[in-house]
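Please read through the structure below; I'll follow up with questions.
Which chain is which? They are A, B and C, in the order written, and residues in each are numbered from 1.
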Amino acid sequence: MSAYSVNEPSGRQKWIAGTLVIAYALITMVPLVWIVATGFKSPADAISYPPKVLFEPTLEGYVNLFTTRTRQTEDYLAANPPQTWYEEIVRQYDMVIVGPSRYGERFLNSIIIGFGSTFLSIFLGVLAAYAFSRFRIPLKDDLLFFILSTRMMPPIAVAIPIFLMYRQLGLSDTHLGMILLYTAVNISLAVWLLKGFIDEIPREYEEAALIDGYTRFQAFYKVVLPQATTGIVATAIFCLIFSWNEYAFAVLLTSGTAQTAPPFIPTIIGVGGQDWPAVAAGATLFLLPVMIFTVALRKHLLRGITFGAVRK
Amino acid sequence: MTDTAIDKIAQRTPARVARKVRGLSDRAIAWLFVGPTIFLLLAINIFPLIWTIYLSFTNFRANRPNREVEWVGLRNYERILTDSDIWLNMQATAHFLFWTIFFQVLIGFALAYLINKKFRGNDLWTTIIVLPMMLSPAVVGNFWTFLYQPQIGLFNYIVAFFIGADPSSFEMIGSVTLAPWAIVIVDTWMWTPFVMLICLAGLRSIPDYIYEAAEIDRASKWRQFWTITVPMVLPFLMLAVLFRGIENFKMFDLVVQLTGGGPGSITELASINLKREAFEKWRTGYSSAYAIILFVTVFGLASIYVKALNKVKER
Amino acid sequence: MIKRALLMATAMSTAGLMGANAAQAEELTLCWAAWDPANALVELSKEFEAESGHTMNFEFVPWPNFADRMLNELNSGGKLCDLLIGDSQWIGGGAENGHYVKLNDFFDAEGISMDDFAPATVYAYSTWPKGSPNYYALPAMGDANGWFYRKDWFENEDIRAAYMEETGQELREPQSQMELMQIAKFFQEREIDGQTRYGVSIFTERGSEGITMGATGALYAWGFKYENEPGSYDMAGAVNSPEAVEALEFYKELYECCTPPGYTDAYMEQSLDAFKSGQVAMAMNWFAFFPGLYADPNTGGDKIDFFVNPPQNVAASTLGGQGISVVAYSDKQDAALEYIKWFAQPEVQAKWWELGGYSAHNSVLQGDGFEESAPFAGDFLVAMDGVQDFWQEPAYAELLLAMQKRLHDYIVADQGTAQEALDKLIEDWTEVFEDEGKL
């Protein structure tokens, strides 16, 4: 191996590439930054013309996101001075906090359903991928294509019978129903990605373990799984991004108890029109878990695509 | 492929030992492992699909449990395929599909190519670029209605600043000519990173020695790009197109929040129209036929495409 | 283990007992749209909680999602709502598909008489088939589409003089639809107090019912009818009559000449927004919002006044409003009925009006001083005298979606002519009624 690689770009090339990429990144960040910034604006600042870049930050959006409020008479307001900082914010508009909003519940539902279905997809996906990778299964290629093809269905297309079926089984608007549904959607991707990873793990490791007296289960559990961590993590990221953000099924099949945040956030309204600071605050908080998850595990993400995407 | 190493070992080992080695038989384990997945898919994908096919030949309405269900044969299909409004929905879908894929491939590949120059901090910037695709499409669509507002929206303001017009002189989602582009812009903003990631994976899979060999042959950089880089990345790129194509054919959440299909029916994509038929008009039989037509279309196009993809990969 | 099992069993049987004594204290959920009157209802319901011992929960859904979400809930047999204040057009489906409990026996047993409520509201909110004495709801909230304007601008001498010069007429509350457009054109892009103002904000929303509710205001005023003979489903010549075409062309011109930029998908909230931010001289909206508008610190009080939808060929307004129904899937129907019984009392109805709800009870509407009790109270009575509603058929959603599409295609997306839009609408509707077996 020579010290100089012909493939190594020159300094100038790097500089140009870096500038262009950073320029794109900055442009693509503008809407995101605007979402985060709007969350800290007052409603008046949020809809000012021209749009305000500099503004006095306030937590109004977040207070509105988590509370329901109602207008009150002057007598009532005078008789009940505000007790907390967030009540004071609300009082500017002659309003009082009457209770929590539904955002907390919706967010919790998202966590239960998002992580629940991700876990289940990975669990089932690893098992199936391992079997497809290691065993002779009749009609293996057909089965694999079948699994992939289930992803081509428009959600609305299967939503009709699923709606009917869930109505019969009492699974409408339940956490379990949504977890199973998202798992069914995710599992095709999970099996395909994970099979790619497990194919990469040399069989010799397991063979050695089997000769050492491990059973198949033990070999799978103690040898294969630890080797497949990267693949599992990458697959989990993709599954989570989907089930965390899914909208069509959520809006059609849930209403009260099991509704997740994506159908809820666009319906946050304030006095006279959509409450943009609260919507932005809701969107920001909702992005955080996935973002942290992805950024923390970003090394695996790219590898995940490399291995899973194109394997012959 | 047929004779796995495990089988070879098994053949060499005495039967008694083999049984102990394996615990459960491989076949049993295989079915145990694959079974739940197949069962889940059968229950939540295939069974509903078959049911949809059945319903598509009836006049069933999910909101009228008491009404008698009649078998109507192919009438639902006939009505859909001869409905000129539905062809307009299909055109809107095709426009959206073509241009989103066009821009995403163009920008996504360019970005991946540049990032692969491995300038300092490319990891960090890659992570930043990837952020939009982690947002919920429905929330993105909703928030962009705000960005697109003619007077208070940031988008109009920035564009107006550069072209020197009045920000409220154009409406991205209210105008018949601009609305189809408004949805293309948002989808491109959100999903270009996805295409970029897959292209990047492709670029990184090209071994250095190929370029080195080309260098020895004195091939120009331009030639190297077209004879090595592009063909090697092509399978990846085609895969990205497949994924985005399937996703955008099904597109519902982002656009329904952004334009609701308007103005008029200019941006009413097939999925949005389908949702209206199925869950607002509750014409279950009719919309089942519609769903089947859409599914067959995606499935057919995807199958042809996958064949082409496999050919490219074989080269 | 055994101990735990025993505990479980005890807990479960206690729970069962609680269930048996359900009449004592229930948690009821009332579903409605999220808007000003809903907050008033929360306030009003506190008395019910105190009297009955039941607790009230509320599920308020924003208007754009309200129909979608609630009809989905009913169609899936959901138990989210015990009480539902559903839109007037849902009554046909609610009755025929068994979503709503029929209230006749209950009314008889409790001595609640529908004669105590304004006839137009009983007809629109409670009965199915229309006009028959079969009740599926109690009129809860009377409503119609009305208008409001900047009184301070209309009274401003300079503006009046300018209007006189331009049109040769006095600036006044419009007496006809055409006069409304003339005034709107006058205000369009006029500078007042250093800001550009616009004529009117009207409903143009595509997704739910907005543009239909707005445009029917013009259609009804021109004498639009759904059928040649009521109940015949014979629509050709009625729906696409020359008057209807003229009215639709009028609404399109009003949209094009006189609305603020960007109001291509505007419904209640956007209309309020445009008015409250001082962008428009006039706006249409439901009477339900008028108390809030009147109380607004910036554009309310003596800066605002109200008028009924102006006539053109006839006097007519688009009906809004809702009745309150008991959901058939609820396990707590007895407690829910108790709520309705409480709500129907004249004293409660009086308080309801006071808090900002529009009572439909005769004792309130015909009570002394009702017309003076609010600046829009008299207008409300006039409007409710001439209300017309959309189809209330079980297939109403299909009929509405077809009209939304045809109107938005023509008015906002500028495709085809008014005649074509209405002709296509008849085709759509005919198809629906054929599917229904009614044609």
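In the analysis below, a residue touches a chain if its C-beta (ideal position, glycine included) is under 8 Å from a C-beta of that chain, and two chains touch if they have at least 3 such contacts.
Everything numeric in this text was worked out from a predicted model, so none of it was measured.
Listed by label, the chains that touch chain A and also chain C are B. Of all the chains, the one whose CA centre sits at the greatest distance from that of chain B is C. Mean C-alpha positions place chain A and chain C at a centre distance of 38 Å. Per-chain Cα centroids separate chain B from chain C by 40 Å.
Chain A and chain B have Cα centroids separated by 17 Å.
In chain B, the positions touching at least two other chains are 62, 151, 279.
Shared interface positions of chain A, defined as residues touching 2 or more other chains, are 163, 252, 274. For chain C, residues touching at least two other chains, in rising order: 72. Contact residues on chain A toward chain B in their complex (touch as defined above): 5-7, 9, 13-15, 17-18, 20-22, 24-25, 28-32, 34-35, 38, 47-51, 124-125, 127-128, 130-132, 134-137, 143, 146-147, 149-165, 180-181, 183-184, 187-188, 191, 203-204, 206-207, 210-211, 213, 215-217, 241, 244-245, 247-248, 251-252, 261-263, 265-266, 274, 276, 279-280, 282-283, 286-287, 290-291, 294-295, 298, 301-302, 305-306, 309-310, 312. Note for the complex: chain B touches chain C at residues 59, 62-66, 85, 149-151, 168-169, 171, 173-176, 259-266, 276, 279-283.
Per the touch definition, chain C reaches chain B in the complex via residues 68, 71-72, 74-75, 93, 96-98, 206-207, 261-265, 394, 397-398, 401, 405, 408-410, 412-415, 435. Residues of chain A touching chain C in their complex: 70-71, 98, 163, 166-167, 172-173, 252, 255-257, 267, 269, 272-274. Residues 2, 4-6, 9, 20-24, 26-27, 29-34, 36-38, 40-41, 43-49, 51-52, 55, 62, 107, 111, 114-115, 117-123, 125-139, 141-144, 146-147, 151-154, 157-158, 167, 189, 192-193, 197-198, 200-202, 204-205, 208, 211-212, 215, 235-236, 239, 246, 249-250, 252-253, 257, 270-271, 274-275, 278-279, 284, 287-288, 291-292, 294-295, 298-299, 302, 313 of chain B touch chain A in their complex.
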